[in-house]
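As written, the chains take the letters A, B, C and D, and residue 1 is the first residue of each chain.
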Amino acid sequence: MHDLKHKCGVFGIFGIDEAAVLTTLGLHSLQHRGQEGAGIVSYDGKSFHSVRKEGLVGDNFDNAETLGKLPGRQAVGHVRYSTTGESRLENLQPLFANLAAGGFACSHNGNLTNTISLRKHLVQTGSIFQTTSDTEVILQLVARSDKQKTVDKLMDALSHIEGAYALIIMTNKKMIGVRDPFGIRPLVLGEKNGAYVLASETCALDIIGARYIRDVKNGEMVVVTNDGVESIQLFSQHKERPCIFERIYFARPDSIIDGQTVYAYRKNLGEQLAKENKIDADVIVPIPDSGVPAALGFAQQSGIPFELGIIRNHYIGRTFIEPSQSIRQFGVKLKHSVNRSAIKGQRVILIDDSLVRGTTANKVVRMIFEAGASEVHLGISSPPIKHPDFYGIDTPNYSELLAASHNLEEMTSVVGATSLFFLSLTGTYMAMGHPDRHEDVPQFTDHCFTGDYPVDARELMAEEVMKGVN
Amino acid sequence: MHDLKHKCGVFGIFGIDEAAVLTTLGLHSLQHRGQEGAGIVSYDGKSFHSVRKEGLVGDNFDNAETLGKLPGRQAVGHVRYSTTGESRLENLQPLFANLAAGGFACSHNGNLTNTISLRKHLVQTGSIFQTTSDTEVILQLVARSDKQKTVDKLMDALSHIEGAYALIIMTNKKMIGVRDPFGIRPLVLGEKNGAYVLASETCALDIIGARYIRDVKNGEMVVVTNDGVESIQLFSQHKERPCIFERIYFARPDSIIDGQTVYAYRKNLGEQLAKENKIDADVIVPIPDSGVPAALGFAQQSGIPFELGIIRNHYIGRTFIEPSQSIRQFGVKLKHSVNRSAIKGQRVILIDDSLVRGTTANKVVRMIFEAGASEVHLGISSPPIKHPDFYGIDTPNYSELLAASHNLEEMTSVVGATSLFFLSLTGTYMAMGHPDRHEDVPQFTDHCFTGDYPVDARELMAEEVMKGVN
Amino acid sequence: MHDLKHKCGVFGIFGIDEAAVLTTLGLHSLQHRGQEGAGIVSYDGKSFHSVRKEGLVGDNFDNAETLGKLPGRQAVGHVRYSTTGESRLENLQPLFANLAAGGFACSHNGNLTNTISLRKHLVQTGSIFQTTSDTEVILQLVARSDKQKTVDKLMDALSHIEGAYALIIMTNKKMIGVRDPFGIRPLVLGEKNGAYVLASETCALDIIGARYIRDVKNGEMVVVTNDGVESIQLFSQHKERPCIFERIYFARPDSIIDGQTVYAYRKNLGEQLAKENKIDADVIVPIPDSGVPAALGFAQQSGIPFELGIIRNHYIGRTFIEPSQSIRQFGVKLKHSVNRSAIKGQRVILIDDSLVRGTTANKVVRMIFEAGASEVHLGISSPPIKHPDFYGIDTPNYSELLAASHNLEEMTSVVGATSLFFLSLTGTYMAMGHPDRHEDVPQFTDHCFTGDYPVDARELMAEEVMKGVN
Amino acid sequence: MHDLKHKCGVFGIFGIDEAAVLTTLGLHSLQHRGQEGAGIVSYDGKSFHSVRKEGLVGDNFDNAETLGKLPGRQAVGHVRYSTTGESRLENLQPLFANLAAGGFACSHNGNLTNTISLRKHLVQTGSIFQTTSDTEVILQLVARSDKQKTVDKLMDALSHIEGAYALIIMTNKKMIGVRDPFGIRPLVLGEKNGAYVLASETCALDIIGARYIRDVKNGEMVVVTNDGVESIQLFSQHKERPCIFERIYFARPDSIIDGQTVYAYRKNLGEQLAKENKIDADVIVPIPDSGVPAALGFAQQSGIPFELGIIRNHYIGRTFIEPSQSIRQFGVKLKHSVNRSAIKGQRVILIDDSLVRGTTANKVVRMIFEAGASEVHLGISSPPIKHPDFYGIDTPNYSELLAASHNLEEMTSVVGATSLFFLSLTGTYMAMGHPDRHEDVPQFTDHCFTGDYPVDARELMAEEVMKGVN
């Protein structure tokens, strides 16, 4: 039950029949990274083809008619998170432009932190933007570059941008992957039957039966052509600091990061939470589905039985919009129901992977008490989130982040639990396989817990504050 | 991962504002009983109003516009299972007819076993059928009855029909619930703020905050009016034989039957399975989501760790139709992925609640082996299904039921597992709280395991055979 | 610019390949008789197939997919007029029922005058109606008949009904056409390549290249089988009294009735109007498109020049719903514009074929004055409409019929013209080729002008009055 | 029955409430200039709003919901002709760009003749085009201009383009109208309640009750602000040469050009045709609706009676796609039927306003012969079309233009008529009120008849030829 949302997932494949079919499968496996819409651009040796649609991959790209519009042996795709308002179709990716050198498609996961000033300069000197996406800044910079070759134009453009990004770019002859200097957003390289694959997570390799080769490195550009893969190190070497949230919340449980499944990291977080917090209770209940691995880890470590005390309704449909005052009170019950036989008269430890606003947690805790629990302890398998993200995660701003303005006692009162406990920062690093956080050059991008922002985000912070003022 | 499907769920409420809103919520909680379509008929003191739509309740009935078309303080609803072919909209329920005595709406869960002959007679004497539904036979019989009062007409009609049924009928002044002589299909009575509620399961009472009063009894008719509830015992007393599949597969885990949650029965089935089958293994893995409670019960009884070795993709969308030969091989992977860290090198016990055709089980077993399991044992928390159903469950016919024509060794080979084991019939009854099956008058309708059909279904069997011949 | 609307057109063809294609063409040519929706039922030797859709024939039945759902060598179709409110799809025809003797499809043009009492009796004795259409009464009567053969059942049913009707009925072996005792509604018989055709007008024969054989006679039933056509005279011989409005307003100009085109009758009406009314004027302007033939006749007779003074906008679209107060004033201008060079400073005679409510005429007259006409005379090429219809034409009731409650002076004031003049009743009969109206047994059904209703319509009149009361 | 199609109509209004409502009405009256799609951009003092939809104005912009999305006191709109293939939505106008100086909306009627080279240069220096429309070249040039003020940027851009154009541009403070140096495409200025209006034709002023002020002159820019209208003459004075086709074919009959209705010009053309061609015949029949005014002129001049011998079916619907071989033969009959009483045994003169490919004329002539005409003479009220257009009219290329490759005798044979006759070029100029064509500086753009192209179109001709080669 997440209050955080990823902004995107990317996938590309080069040199194989039915590239769009494989891209559809890859995007489907990355659907957890964005449900608003999806897009695929393919190239068939003569022309580029593009289909971008609001909604799920499996609802829009599964049919022969749509796939028939995407012929060719190379394709790049994108899934995008759910947002509201704004004209949305034009912001779906991959973005595509007919540049002087030919077609140029770009899928982007992440967020650029200096787009406001870059965009302003480009508009003043004659560029017409068609979207509000920061990704278009990259395209406009490439279009403006006076370098000759596409790779050089792209390197020229990248030298102007800052932020977190994993890019997959496709031209008529190349597929190019790029990861930002800190490697904040993920990108992996794989191979299937001689064709190279780029994707946000390994689960997208698994679904098409591709072999994992390696992660694209922070600050690295990989250029895939018919001759193979070439690697270019773009920036003077930073130490890698991947986003810790991928492991805690976002990546799919079966994806492998740094040699281990994400599921295993999350069980570790639950075990670590149990080591740090000895609570006398009768039953461990996960908040579905985000809290399940940590709850299993907690249960195995603590010896307290694990039960599915909350049952998820699988038939929610797309749009259970609450239609009347009288239906509004049923909010949480539309999605979940309580398994009373596991709850009634029990001291319950609820486990979830994060606590953001606290409003959903409050409803769940109340639902458990109403089902007859004598105590409800809420354990969170990560530290309190005190700072918003500007690198591609859709976090609330400071005023809505519960931990930004409340101490533990106040938060406990807000969620209405008997007790509330978080995993320590050190415990979080230990669950990831490190003895502790390196305070000088931390192993991860973890600013949401610590306020330590590796890339200057003041331009976006200022804009956020301005919005708050209005 | 069910191969069996329920045919319907029913809900009605009488004497409360926004009756259609509450019916929408009730139907949403019964959505597991049918996803093809849903319908609601309301009565506002002057007119009857009807909306019937293909698709999920939450997609079609949640909006103010639709609910605005269903005014009134009494409503009856229906959810229907997914079928293929045929003009479908006309078969959605509640069926409605303007009879001489006024409007008559009817929701039906179950299956009549003598409709072929009844329908033939009615058509020959001048009735025009608009649907292929067996429920319309009831309406036509009511319309033809020469009794004066609606309740008497209905009793007259019921005296001609045979089979399994839970009916909710609404007229301008009454809501009537009826359960067949054996009580094969379920129907419960509840109350919210003085208004009476009828529903297939208690979970539909819970979602609207209604209080459970009691089950409608086998062969009982309950008549709700503004003056309260009247009970009429329609048939000479049979012993109740509710369908055992409700507990094993169909009812929602949080629904309460006979004083216990369905979740608890299913954990019992898993525990019992563990008692009967001692297997040397490293990990218990449920087939999601149907196998989870039994797997938890098996794990707790056996002491072998429980792991989520198979992860369900929540973003399947409506229609992942396989579009091309190359995508077809990815079938199971579209819906599930393997958590390799829990599987690799392990001796795995997979748990599911049933085995019908064996084709899905075969794909799952293979997927687990491919993820590196050294052994894959498949445990089923119920007996082999050897006979089809004719009382409202969509089972395959004999030729497709694996256990109807294969012995255990052959079935093991079909699913491709290291070993395959089922729960015994006695174990099944024990998990339900009985020492054993009463061979003379069994406590449950259990013909799928035993071939013991409480109601004569030869008319339907003959038709099935005829189909097979063509 | 009609305020009157036809209720339906019918077409059937028996014994030819692609019967549904030919039926689509026939219905398209009858589209002026009804634009709300259309339907076709075909029979392919094994099964009946039905498609009914709201909207125009050319928008819904032209595609290979729809036509592919209607295989077979016999088909019957229907177009229906535009109405508002009510659930509409279920009222589209042909109606179809599976009777004991087999499938029975029925297309009906007209209106039954004793359906209220018939329907009441049928419901009380057990029939369930699925539509509000009077046509269903015929089906239910046929279903109830205890005769053995379908033709006999149908004759039995027809013996109970009264009113105006042209029916085309199709069973697996027959196509049957029936016309009411007075022949109020039209029905013609044709032939194409040995296949028999029934249709409301000859224009439907022309479009498919069929040969006109003869009109079905009043009170006649024609039964088409593979052996040819059999004629049965159903009722004791009445004198024929076809509806005069078919010639004046409804039939398509190129249809032939009684040996002459409808266009020729309408020119005659205009000539007769010019003979009866000598007006000093500069230009004859038709109200498009209904007034064009009469205006040409008037101009040729009077010697005053004919000009297209009002130009019709062909791109109205389906639904120019007036969206705001400020757009409402533009009403008439959305559909028509004035050709000022033909109007300015001129004495104009506007010609239309009828005057019903007077509201549209008033807007047109004002528009012509605003364009600079010095005089605007409005000539109507038929007598004043003083009585509503109950035989299948959608007329307003008494309170809305301008001529029912206003004398000529008052009507002139309502429409705002310099003068207003109508054709006399005798002149109308003369234009049809008769020396005068036979007062004892008139040659036409002309109650809208005379109040002489050939079939008792008091049941429907009473209902209308009741509506007026509410 | 036109084979030529206009490419666009434009409308704008500045300084009045409900500007989008008035723009909707204006576009509706210009619908004959383009039926593919329509768009409106409004500005409400703070933001620009845009709605662009495929289909008719009356189907898409009439509802309160759509108009509610277009608030403000200034709006500009566009209708676009029907084309096939290509992604169409993105090419709908008005085009809109957020330039450095603010929002910039542009509606364009016409065709630029040097876009290929301009576009190539812009792309090579970094512009990203989002459409294939030549109009976007204007926007990109404006965006690139290093002038300070919008009007200066626009003038800078216009100095680079060549061709035929009528533009309406809207910024947050201005509405600007521009007409090309020869005034090939039309643009008129009007006023309603103090608000200025720009439109392609006067019929768009009439529908909203606006007063006609004057035509925008060739090479003139009019700048409307809250302070009134300013006129800027952009180019060294050419003599005006408006497109003669506006009067002959395209403009609406009630629009006024040069002090006379278009209807009157067309009657003149018919009269002139009768003067030049004395044919012995019984009846004049227009090909509807394009031939009606000329036929009336021909009839009045010749004294031969005018009859509606061909009747148009008003219920064609959008898409009577021919679904099967058997329906294909009915082609023309779907749209028109013959009024046999006016044709049979007659010597018929058919009148139309143009002859392009000859295929439709052939079908009509055959239909008239089949209805029994003894002779069918086809008179065309304009000269033979021998050259394609490149200034905004969708003409076929040389190979498809009948008169480009056939002499009169051959053409007569192709259309199958007894005789075929055209109006002379001199007669055409006389009908327009000129004694003859000025051979040195002709009064009109008339290259389709003469090959005299006032603006160099070789770039587009070359491209056309290249297409022919492929």
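What we mean here is this: contacts are C-beta pairs under 8 Å (C-beta built on N, C-alpha and C of every residue); 3 or more make two chains touch, one makes a residue touch a chain.
Everything numeric in this text was worked out from a predicted model, so none of it was measured.
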Practice task
Name the chain whose C-alpha centroid is farthest from the C-alpha centroid of chain C.
Solution key: A
Exercise for the section: Could you put a whole-Å number on the gap between the CA centroids of chain B and chain D? Expected result: 64
Problem - chain A-chain B separation of Cα centroids, rounded to whole Å - result: 38
Handout entry: Rounded Å distance between chain B and chain C, as computed from the means of their C-alpha atoms
Key = 52
Practice task
Could you list which residues of chain D touch at least two other chains?
Solution key: none
Problem - Chain-level touch network, classified as line, ring, star, complete or other - result: ring
Problem - Residue ranges of chain B in contact with chain C within the complex - result: 97-100, 123-124, 126-130, 139-140, 143-145
Problem - Complex contact set, residues of chain D against chain C - result: 17-18, 21-22, 24-25, 28-29, 31-32, 35, 55-60, 62-64, 67, 203, 206-208, 252-254, 256, 260-261, 263-264, 289, 292-293, 296, 300, 305-308, 311, 313-324, 326-327, 330, 333-334, 337-342
